[in-house]
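Chain naming follows the written order as A, B, C and D, and within any one chain the residues start at number 1.
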Amino acid sequence: MMINILLFADLQEKVGKDRLELEADSLSIIDLKEKLKNEYGLLQLDDVMTAINEEYALESDIVQSGDTVAFIPPVSGG
Amino acid sequence: MMINILLFADLQEKVGKDRLELEADSLSIIDLKEKLKNEYGLLQLDDVMTAINEEYALESDIVQSGDTVAFIPPVSGG
Amino acid sequence: MTDPLFEIVEDPIEVGAIIDKVKRREAGAITTFMGTVREWTKGKRTIYLKYQAYKPMAVKMLAKIGDEIEEKWPNTRIAITHRIGHLDISDIAVVIAVSSPHRKAAYEANEYAIERIKQIVPIWKKEHWEDGETWIGDQLETVSYPSGSPNIK
Amino acid sequence: MTDPLFEIVEDPIEVGAIIDKVKRREAGAITTFMGTVREWTKGKRTIYLKYQAYKPMAVKMLAKIGDEIEEKWPNTRIAITHRIGHLDISDIAVVIAVSSPHRKAAYEANEYAIERIKQIVPIWKKEHWEDGETWIGDQLETVSYPSGSPNIK
C-alpha cells in the first residue's frame, strides 16, 4: 500500500532526499501535491509537471498504490 | 601576350584539355566566349560563369594579357 | 548488436559514434547538433555544470521525440545522446545526429529535436557560477510552465 | 600553427577535426552538416562520384562564405572542408561546422553555408550511374543559370 515518489533538482535539495514513500491506496495528483506542500513546504509543486510510471500525467489523474510518481520541475537539458 | 584559360567539368572533356592559351592583348569576356564557341564548338559557354584571376566577372569585363580566365559551369558541390 | 539510438550517459560523448548510428546508403545529408557548456551567460560566468536526469523516463522521452520526427519527416534517422553529471566549459552535453536523403529535412528535424528536448525530457542543469549556484528551469525562456503542460502529447 | 578554416582535400574528412576548429569557450552550440554520397537519386543508382574543383578559387569562395556569415551572424565561427576526387557511397563530400553562443544562429548559418556552396563554389560532381555518367550542374535545381549570376556579390 505504498506510492513511490521521486524528487529531482531543487525539489530534491529542498527535501534532502531523492525519494519518498507514501502510505496510500489511491489519490489524485492534485491531492498528492497538496499533501506534500503541507508536509514539506514544497510550494514549487504548483509549477512542476508530474509523471506516473514514466509517463506525463494530468493533475486530475489518479495514483494507485504501487505506482511511481515523479515530480518534474521545468526541464533544462540540451 | 598570352591569356590563360582554364576548363572544368564537361568543358574540359569536350575540349580534351584542362587549359588553353590564347594569343591576345585584351578582349571582353563576351568576345572571348564567341571566339571559343567558334573554335571548339563549345556552345555551353553561353551558360557558364566566368572568373578572371579567381574572381567572378561580368560578360562585359575585359581580359588582359597575363590574366587567367576560368569558365565555371553550373557548380554542384556539397 | 546495435547501439541504442537514444542514450543518457555519464562519460564524454564521442560525436563520431553518434554519427555512425545514423549513416545509411540512402542518406545524402547528416546534420549534428552539439550543445556545449558556455562560459558566459548574460554577463555571468559559469565554472562548471551538473546535469541530473530521471534516466529511464528521459530515455523514453528521447525515443518519443524520435517517433515524432519519424512521423513528421519520414525516411530520416535520428540518434540522441545526452550526458549527465559534472561538465566543464566546452564539454558536450548533448549530441543530436539526423540523416536524411535530402538536407532540408536533416536540418529541420534536428532543430525540432533540440526544441523538444528542452520541453519534455526530464533532465536538469545546475549552473555553478563564479558566485553561487542555481538549478536552471525552462531554457526556452517562456514563463514557468503551468501544471500539466499542453505540449506533452 | 592553426589549421585553415576552409579547405579542399583529397583524403577522407575527419569530422572531429573540423569540429575542433570551431570549438570555443563562448560557444553553447555547434552544428555540423555532412553531405554524403547517396546511392539512389530519383530511381537512378549511383555507383560512385568524382568531384573536381578549381581549387584556389574554391578555397577563396569558401572563405567568402565565411565572411558573409560573420557579417550576418556575428560571433559565430565556421569551418568548411570539401573533399574532391573519387567518392564511394556514404563517403563524406563536405563538412560544415558552425559554433555560436546560441543555437539558432548555429543552425541558420550552417544552412546558409551549404546553400551558398551550391551557388558559388567552383566544384563539380560527376555521377557515375549504373548505366552511364554525367556531370551534374546546378544542384539547386533552378534553371541553368544565366551568365553573370546576380547572386555572386
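Note that a residue touches a chain if its C-beta (ideal position, glycine included) is under 8 Å from a C-beta of that chain, and two chains touch if they have at least 3 such contacts.
Keep in mind that what you see is a predicted model, and the values were worked out from it rather than measured.
Taking the definition of touch as given, a chain qualifies here only if it contacts subunit A and subunit D alike; those chains are C.
With centres defined as mean CA coordinates, subunit B is found 73 Å away from subunit A.
Here the CA centre of subunit B is 25 Å from the CA centre of subunit D. One finds 49 Å separating the Cα centroids of subunit B and subunit C. Counting partner chains per residue, subunit D shows two or more touched chains at residues 35, 114.
Touching two or more other chains at once is no residue of subunit A. Contact between chains, using the touch rule, shows up for A-C, B-D, C-D.
Remark: subunit C residues 35, 51-54, 56-58, 60, 82, 93-94, 114, 117-126, 135-139, 144-149, 152-153 touch subunit A in the complex.
Per the touch definition, subunit C reaches subunit D in the complex via residues 15-16, 19, 23-40, 89-90, 99, 101, 103, 106-107, 110-111, 114. Taken together, the subunit B residues at the contact with subunit D in this complex read 6, 8-10, 12-13, 46-51, 54-59, 70, 72-78.
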